[in-house]
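Heads up, the next two complexes both have chain A, just with different partners, chain B and then chain C.
Then we have the complex of A and B:
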């Protein structure tokens, strides 16, 4: 079948052919699901890593900076493939949903059951609202530039507020050892991690700290700018890896 | 960040099982290239994973001998139940002769080696002062510590107090076997917030977190199903290239997209504002570094002075011979009872120390001998040839010292006078190997 059919001569597949095409859809979807659960989650675990693993790493500077920046990589690449070839605006949501599944499995089995940490100490953050927004921007704009600028920025800016309902309560103050700590810090103190001493936490460091109360918005805007660039970069990586020249022969 | 090495194991194993599917599938489709992309990433990342081990002997000997020098480590009990408290106390001397290749202990973390949180740490003190974060230590300083733990998971574990030293590694103290009995289900851990609210740490915020994750997962699933219910890849690809782009994204789809564009930020901001109002007292994570000054000198108090003039390690005999210039400034005769280095204790059988309650340390009971066994008299100055010999030099991997870039030894020397009074001195010297 040629790829240059005109609308008038186009005939959708029917009968057996349609059924096979549908079976193929499901096959690809299931494979993609497993692949993204595996690879995106691994990519995320080894880059964002501790910021997403531990409740006492989720600070107001580095966490909202790093997480969306890494979180937008696979969504951009998959959007590039699914949108340009199929006009399917679900790449980001699919990737981030897979990431969520992967992280939850890891936290429950590897962290909780294997290493005995309470699940609330290792709860993942969510980027699903950001991903839905990103997919919608791409669908409505059909433009890499607009999606990178507006979608990429929103992806970063939505991250912190959408996670505060989950993690805000871990920032209540507690008095311990003659000092004030958050509940999250108490998790870090009480639940012993041999390989992750407190001083390794990269939190509240750097010049952003000097901006005090507006550290988080500043961090988020910084992340928004970087996400715009990261989105564009990974869009091209996705395009580069995905070529449809074989599909033309079907 | 690759700092939590032991915790990544589970994920790594869970992921590798997907590879065969990727490799065996040979259909040509853009998604296959995405599969390939993911696979390359996974392999690349897997190869970077460090391996985690218990770590007692991993560190170079000179780091174990010349950083944190532990002694008098004791556990309040070794058999107890879930929810019972147990404390470990002890002392350590921070070596004056701190290795040049190890950063100064400006950030150190007193930790407990456990296979995960089988115990929780409820209190921790250094020189009697509680501290919650990391601490700066001073070379040459003396400290005592206390860590209070609470049994969480029943089992039998080998547990050590140890120091995480920034950019150096884990310097282990002596280990003991702890037997925790009882039922894990009975474990409780409640703390109070400053606002007076009681919190069950084991479950706090979990249901709330699951709720929010589920809420967004529900919307995301709806969006995915909205698209997946239609014919996907082949059908849409053909239609797109047939110029039927408008049919692929319908006006209804576009309206839903607009609703998302408006609705998601509004929802996020509403939920965010609700949370801010619910927890107005929320504070940022605390990241202070504790500054705790050393005690008045416990080691090298000036009463007994020791100067190490030479140290030789005989490889074949596995003995370290040190020549020590000792001056007894006390008013009673003293004897060397013990030499401790890198977690190994060499005892002088001829001058047994009064009963020590040390945790199961690694001991060479007859490992220490002197060329002159008579006690050193008050104000006498004597040069003593001390020999510490045992296969432990090899089994504890301390003999690797002679191949290290920094082949100096450091340790603590324990003297007792006739009344049982103890004097501790630190010794340090370059080690010269003898291979004959």
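Then we have the complex of A and C:
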């Protein structure tokens, strides 16, 4: 912790002091809940949101690459504060749980009830298994390096298998208009949007397409490498923001 | 065993709810209630009139249902900023040197409530109505920067959290000795950074003058919002400042049951 606290201060409080400390904890908990739903969700939606909004954007080359890469940012920054200063091994899970709450509320009330998109078309992906693993690695290793390498990699590698049970059924092939396409693509054609993923199909004409089913693991491993770096970067961003400095003027 | 007057007083103090350190609890809960009613009211209004009157900005009905709401929002947030910031400034504590430790503890908890209310407004602006904006743009071609969702998101929600962030900053600056002596860098970052999101509306709307048909959220014209929201991590520093000071204050308090 930044302040020079004497060991005496870490004695557990009793009586009224304990009640004050507990009241402060609850207030901080409410604060953190809304803070991370609001901020992490905005950050996530405006960087990789399209892949998360739509079932037909959940492709095998970009979705497994970019979603964990952006998803690991806030967890790393929050872990840097909560683990280093309070030994709370829940920074990643807190952020990702908040993100899930925010996305689910928005998908149901903003997409489904306002504009009548089927909920299956706009179901959010999950990063909870990845986040739990990341927190567990940090707690067990107490090491930034080990967590960045193993936790960061696992965060990316777990993403696709965690989501496959949710979204796999939408990748089943169907035949429509003399073309073979997925159920997810059918959603896209039935519910026309201004954000139709035309470009995803153009991207799929690239060389990676010849790799067939290997494309997804390749994307996941690429993401694993990048997550390792992203984790370290955002750990330091989190530490930098958690300054305790007071300035004379701004 | 006989109970003396002081013990009875102490027992009465303990039984009182809310206790002295949560004096502002009901105001805090009321703020949540009022904000929830406002934001849910907006959503119900959008549900009622979004599709029927909000699709074409050239229709007379759009002027009545949406531009009037826009004018109301801008007027309301301007007045609210003046009243709330003015109240906090003019009722400031001018005798902070003599602040009692118990009162300082109470004010730290109240500051946390202020920041909580700020983050609650950030939730509606950054999470719900932000994603809803994408949903709306997928079904309605934008023909104005004042869409049925923008009028609420950009011209009420964004200013509202900026005002509440400013309130938290002013509360700390005018009522807590450490924040009065120096300007807290993390608190300033956590308030000023998200304020820049409001400013980024200009960049965003300028960008949309080039692209209005294809609506992608992961587009560079939105990155101003993203960078602004990173500054929310300043809350980590506020937490450390608060915890450090609270420990000092609590250590100085007498033990009570």
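Points to keep in mind about this one:
Note that in this section the second predicted complex is superposed on the first by the 217 of 250 C-alpha atoms of A that agree within 3 Å, B and C clash if a C-alpha of one lies under 4 Å from a C-alpha of the other, contacts with A are read in each partner's own complex, and residues count from 1 in each chain.
Definition applied: contacts are C-beta pairs under 8 Å (C-beta built on N, C-alpha and C of every residue); 3 or more make two chains touch, one makes a residue touch a chain.
The structure displayed is predicted, hence computed values, not measured ones.
In the superposed model, A:214 makes contact with neither chain B nor chain C. With both structures placed on the common chain, the touch criterion links A:39 to chain B and to chain C. Once chain A of one complex is fitted onto chain A of the other, the partner contacts of A:105 extend to both chain B and chain C. When both complexes are overlaid on chain A, the residue A:23 reaches chain C alone and has no touch with chain B.
When the two structures are aligned on the shared chain, A:229 is found in touch with neither chain B nor chain C. In the superposed pair of complexes, A:120 makes contact with chain B only, with no contact to chain C.
Of the two partner chains, chain C is the only one touched by A:15; chain B is not.
Greater residue coverage of chain A by touch, when chain B is weighed against chain C, goes to B. Common to the chain B-facing and chain C-facing surfaces of chain A are residues 1, 3, 5, 9, 13, 21, 24, 28, 31-32, 34-35, 37-39, 41-43, 45-46, 49-51, 53, 77-78, 81, 85, 102, 105-106, 109-111, 114-115, 117, 193-195, 237-238, 241-244, 246-247, 249-250. Across the interface of their complex, chain C is touched by residues 1-3, 5, 8-9, 13-17, 19-21, 23-24, 27-28, 30-32, 34-35, 37-39, 41-43, 45-51, 53, 77-78, 80-81, 85, 102-103, 105-107, 109-111, 113-115, 117, 193-195, 237-238, 241-250 of chain A.
By the touch rule above, chain C contacts chain A in their complex via residues 14, 19, 21-22, 43, 46-47, 50, 105, 108-109, 112-113, 115-116, 119-120, 122-132, 134-139, 141, 178-179, 181-186, 188-189, 194, 213-218, 222-223, 225-226, 229-237, 239-244, 246-248, 250-251, 253, 255-257.
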